[in-house]
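The following blocks contain the structures, represented as structure tokens.
Common to both upcoming complexes is subunit A, partnered first by subunit B, then by subunit C.
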Partner chain A sequence: MSAKARARRSNFLIDVCLFFICLALLLPLIMLIANGFKTPAEMLVWPPTILPRNPTLENFVTVFTETPLLRWMFNSLAFATLSMIAIVATSALAGYVVAKFPFRSINVIFILFLTTAIIPFEVYMIPLYFQVKALGALNSITGLLIGYLVMSFGIFLIRQNVIASIPDELLEAARIDGAGEFWIFRHIVVPLLRGPLAALAVLAFFQAWTAFAWPIITLTRKTSFTIEVGLANFQSAYTVELSLLSAASAAVMVPSVLAFVLLRRNFVEGIAASGMKE
Partner chain B sequence: MLKRKRFLFAVMAIIPTFAIFGWVRMYPIVETLRLSVFQWNLLSRDKTFVGLSNFIELFGDDQFLDALTNTAIIAFGAMAVTIPVSMALAGVIYHRTRSRFAGFYETAVFIPHVVSLVPAAMAWKWIFDAKLGPLNAVIVALGGEAQAWLFDPVLSVVCIILLVSWQTLGYAVLIYLVGFRNLPKSVYEAAKLDGANGIQSFFFMSVPLLKPITLYVSVVTLISGFNVYAQAYVLASDTQGAPGRLVRVLVLDMLENSFQNFRVGYAAAEAVILLSIVLVLTAVQFGMLRQKGGK
Partner chain C sequence: MTQVEINDLRKSFGPVETLHGVSFEIPEGAFAALVGPSGCGKSTILRLIAGLEEVTSGDIRIGDRVVNDVESKNRDIAMVFQNYALYPHMTVAQNMGFSLRLLKKPKKDIETAVHEAATILGIDGLLDRFPKQLSGGQRQRVAMGRAIVRQPQVFLFDEPLSNLDAKLRVQMRAELKAMHQRLRTTTIYVTHDQIEAMTMADIVVVMRDGHVEQVGRPLELYDRPVNRFVAGFIGSPAMNFVPVTSTAGADAVVLADGQSLDLPQFRALSGAFDLGLRPEHLRHTAEPAGLNVTIESSEQTGSETLIQADLAGQSITALLRERFDCHPGERHRLTVDPVFAQLFDAETGARIDA
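Up next is the complex of A and B:
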């Protein structure tokens, strides 16, 4: 057997192994979706079935008509979208300024903020809760948003990209032509940053969409729940079958997984950049 | 004149961000530190200064110590699972970069990381279920004994470690893949000429060359492990309708002290301890990186 044929055979074996590993990693999610299609009786069968025997849509119908699932999805969507807009806007402006306007005072404050990036949200969320409470913004999207308006990593990411891809000469040329500073930002800088801004947008959206600890302390009213809090409290609020719970989880999960698959490139770019910090 | 105009723009552009930062990040961080030396019951107006007594009490508090131990075991356990598995997996996926399925591999490994915590935990809760779950079904079918996964004090922690590792794996693989792509190709070609096979060059070249990445991923995994909450909330908590033994973790203990026991200062002291752990871990990472650079 030639070396080439041997290499091909070992690659084939590796592919088979990788395929099974990937399948194993996805199996919990596949089973969750399958459970959503099972009848309550089949959920109690031993040994458990992997694929439903008589698939039914009833769980999904019940979940959407009898629980505020759609409302929760809307809350999550609104929260994640607004947070994304806030983070992209603040990061773009601040990242550009700290990269291209070397004023000492600004840089000192920027470094101070950057160092807070390592402090986990959980450390300061209790005082933040009281700030939101003082504003009367508990149980609202505004209150949720207060915790997710800025991202130090976002500013850092944009700053790095501005330094790497926007030459000073370009900005100088625009200034000589009489362009105002904001015009330059809006019409020259932002279009050149489309890639990193998209990566940051996807990252910010998913961060808010999957937030758990912050929503669970600021939201106590059923109508204001995000999808995560709603699902977590599902069982205590309703006398609920496991099949219904699975259907609700699947209904939430599938769109976000699809969104991820479509936006994978942006996502990967953002995460990969986060690893390059050091 | 021109410089002043530019400075004006810079300040105008950055003030909103800085103001928000100060308001939602700096202030609550300072407030956490301040509250940790006060006693405050949430309802009354007065906060009593108590010095370090919150911290002293914490280290005699069984519930807190239980939470700290569980959290540390989960964090280090998840790291011990994630690092070797993700490095090997990334190495193999990198080896098959030119395969038609490379995109599929990357996506499949990464999906558990982007799925919301609660649905993912729900999926695992069913898998671990003692009476209905497929895990016990497989064990029994193989002739083993069914385990009460979520009720046993040791096994329930193991379950959380598995769930956390499953979620972190995709992130770690992605970072390692970036690392593999940045490794100098010439070194590998030289090794190949000298007769090293793939496994040898993985262990003797990739592993040492990827050390800074391993350090980074370890610290990120540890820090996120110390903040574990949703997983314990869903998987192993008895407040839910579905059964499970409560695994006390730091964030859970902190929130309980603050919002159920109305001891905000005490909870803030816990937050400060969490912060110290994170700072120490980060310092260790930087220290080790510097040590390496110095050589």
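Up next is the complex of A and C:
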């Protein structure tokens, strides 16, 4: 067999493998969307059908009329967006400072930042709950945000990027040119960190969008639920309304998939750039 | 009038002192080069003048004020960095106009200033490009343009040509010099390359280990170095040093292998010395005079011949302005005009005045 034919054959085998891996990844997603269009009876059929035999929109109608699904999506969107803005802002500033102002006190603070990453949220979830309760911030986005304003990984990511891609001379040149420290941050550092900041924004957004434990303990009123909490509500102690849950999940997935498709390039570039130097 | 004055300047990083009381003055409009091997503290001095590091003790005076506690931006200086430090996300024009924009100058004035500087440097066709679209030499010009636009009292250059290839370096050297002659702005130029210092500067400050060894005009350093270090550092190829002994009253110094060299100007001296001979002052001779050497290698460049030879157990270099065909192992005779020979104290390294 010639080298060319061998290469073609191995490429073909790789493609086949990738196809099945893709299928395995996509199948649950396809099933979920398909289930949204099935009747409760068909949901329980064995073997399960991939395409619904009698597609119905009833599940969607029920979900949108009987639950405040849109309200939940709005709550999630507001929570995730605000959390994303806060995390990007705090990470950019803190990451830059710990990277470029290496005083001993700042190094200690950076180590403290990192330490917070190894303490599981569940450890301080309950004390935090009582604090939020004392502040009267239960059932509000303010209360939700309290645990989602700073991300230690974000600070670390930006610090590494600043060290790798912003030479000291650039900042010194700006200082000699007459720029103040905040001006340097705003007009030199931030534009040069666009890639990693975009990647961090996506991470932060989805962290909040998919948050579950914290929202479910601070949100008790049905209208203030986030989408994750709302979806969990379809499942009570005795029943699981599988077809309604599927329809709601399918409806909810649309915005997040859309966001990922739109931001995909930034996301990949930002993560890739974090290990590279021009 | 003195433009920059450094007075007993000291700098410590933690417990380590890197500058041990440095003093020198640079007159207005002069081109001064700080030169020395790496780690001698020359870049530190520049950073202290720029205000990028804090002075431990001593004074830095620019114009008529002490600037020790003045912020960089208020020192009226401009600095060109070795890696150019251009803002990657700004165009050439934006890079060059950056400092004026910070001074809130009107847009029209900024444009005029940028265009003028760009014309001087021959980069007016590149104003809309980004730094990554430029070659090394072009980036260097933009960095210089950024400094010119500010019209500062003092230019600071930190090894600006080290990232360029040899040919471009020679070209940029001439351009820098021409720019200085045109603008007449006081310039302090840090380099480890003594050729750059010799060819460009009006004043050269030679440094070693955080001390100033000598301050002077380039040819002064070449002709009358204060000590062995300066003598060996200035000039290329470097000066040869051969140990000799001198006896008071004798016209000649004696080498380790017993050969002698007539140096009547040193007849009053007695003791051990290092004889300093510049490679370009050595001549080949067919007469039975001068010093016997054994050829180790020779390189012909067409216009001149560079010889490595053994003299009294020392390997020395001779640069002959002629074609000279010789082979390793051959014995030849080299002479030197006594006025060019220098003696250095064997212990302190200080040059002995004839």
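Just so we're on the same page, the second predicted complex is superposed on the first by the 249 of 278 C-alpha atoms of A that agree within 3 Å, B and C clash if a C-alpha of one lies under 4 Å from a C-alpha of the other, contacts with A are read in each partner's own complex, and residues count from 1 in each chain.
One rule holds for everything that comes next: a contact is a pair of C-beta atoms (placed from the backbone, for glycine too) under 8 Å apart; a residue touches a chain by one contact, two chains touch by 3 or more.
Every value quoted in this text rests on a predicted model; they were computed, and no experiment measured them.
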Clash or fit: subunit B against subunit C, after overlaying the two structures on subunit A?
fit
Tell me which of subunit B and subunit C touches more residues of subunit A.
B
For A:E122, is the partner it touches subunit B (first), subunit C (second), both, or none of the two (neither)?
first
So, A:L231: does it touch subunit B (first), subunit C (second), both, or neither?
first
Between subunit B and subunit C, whom does A:E241 touch in the aligned arrangement: first, second, both, or neither?
neither
Once the two complexes are overlaid, how big is the angle at subunit A between subunit B and subunit C (Cα centres, nearest 10°)?
100
When the two structures are overlaid on chain A, which partner does A:I188 contact: first (subunit B), second (subunit C), both, or neither?
second
Touching partner for A:G178 - first (subunit B), second (subunit C), both, neither
second
Touch check for A:L170: first (subunit B), second (subunit C), both, or neither?
second
In whole Å, how close do subunit B and subunit C get at the C-alpha level once superposed?
5
Once the complexes are superposed, what residues of subunit A are shared between the subunit B interface and the subunit C interface?
278
Once bound in the complex, which stretches of subunit A touch subunit B?
11, 14-15, 17-19, 21-23, 25-26, 28-29, 31-32, 35, 43-44, 46-48, 50, 90-91, 93-94, 96-98, 101, 103, 106, 109, 112-113, 116, 118-128, 131, 146-147, 149-150, 155, 181-182, 185, 206, 209-210, 212-213, 216-217, 227-228, 231-232, 235-236, 240, 242, 245-246, 249-250, 252-253, 256-257, 260-261, 264, 267-268, 271-272, 275-278
Mind listing the subunit B positions that touch subunit A in their complex?
5-7, 9-11, 13-14, 16-18, 20-21, 23-29, 31-32, 35, 89, 92-93, 95-96, 99, 101, 103-112, 114-120, 122-124, 126-127, 131-134, 137, 140-141, 166, 169, 171, 174-175, 178-179, 212-213, 216-217, 223, 226-227, 229-230, 233-234, 239-242, 251, 254-255, 258-259, 264, 267-268, 271-272, 274-275, 278-279, 282, 289
Per the touch rule, the subunit A residues reaching subunit C in their complex are 167, 169-170, 172-179, 183, 188, 191-192, 278
Inside the complex, what are the residues of subunit C that reach subunit A?
50-52, 71-73, 77-79, 81-83, 85, 87-89, 98-99, 102-103, 132, 146, 150
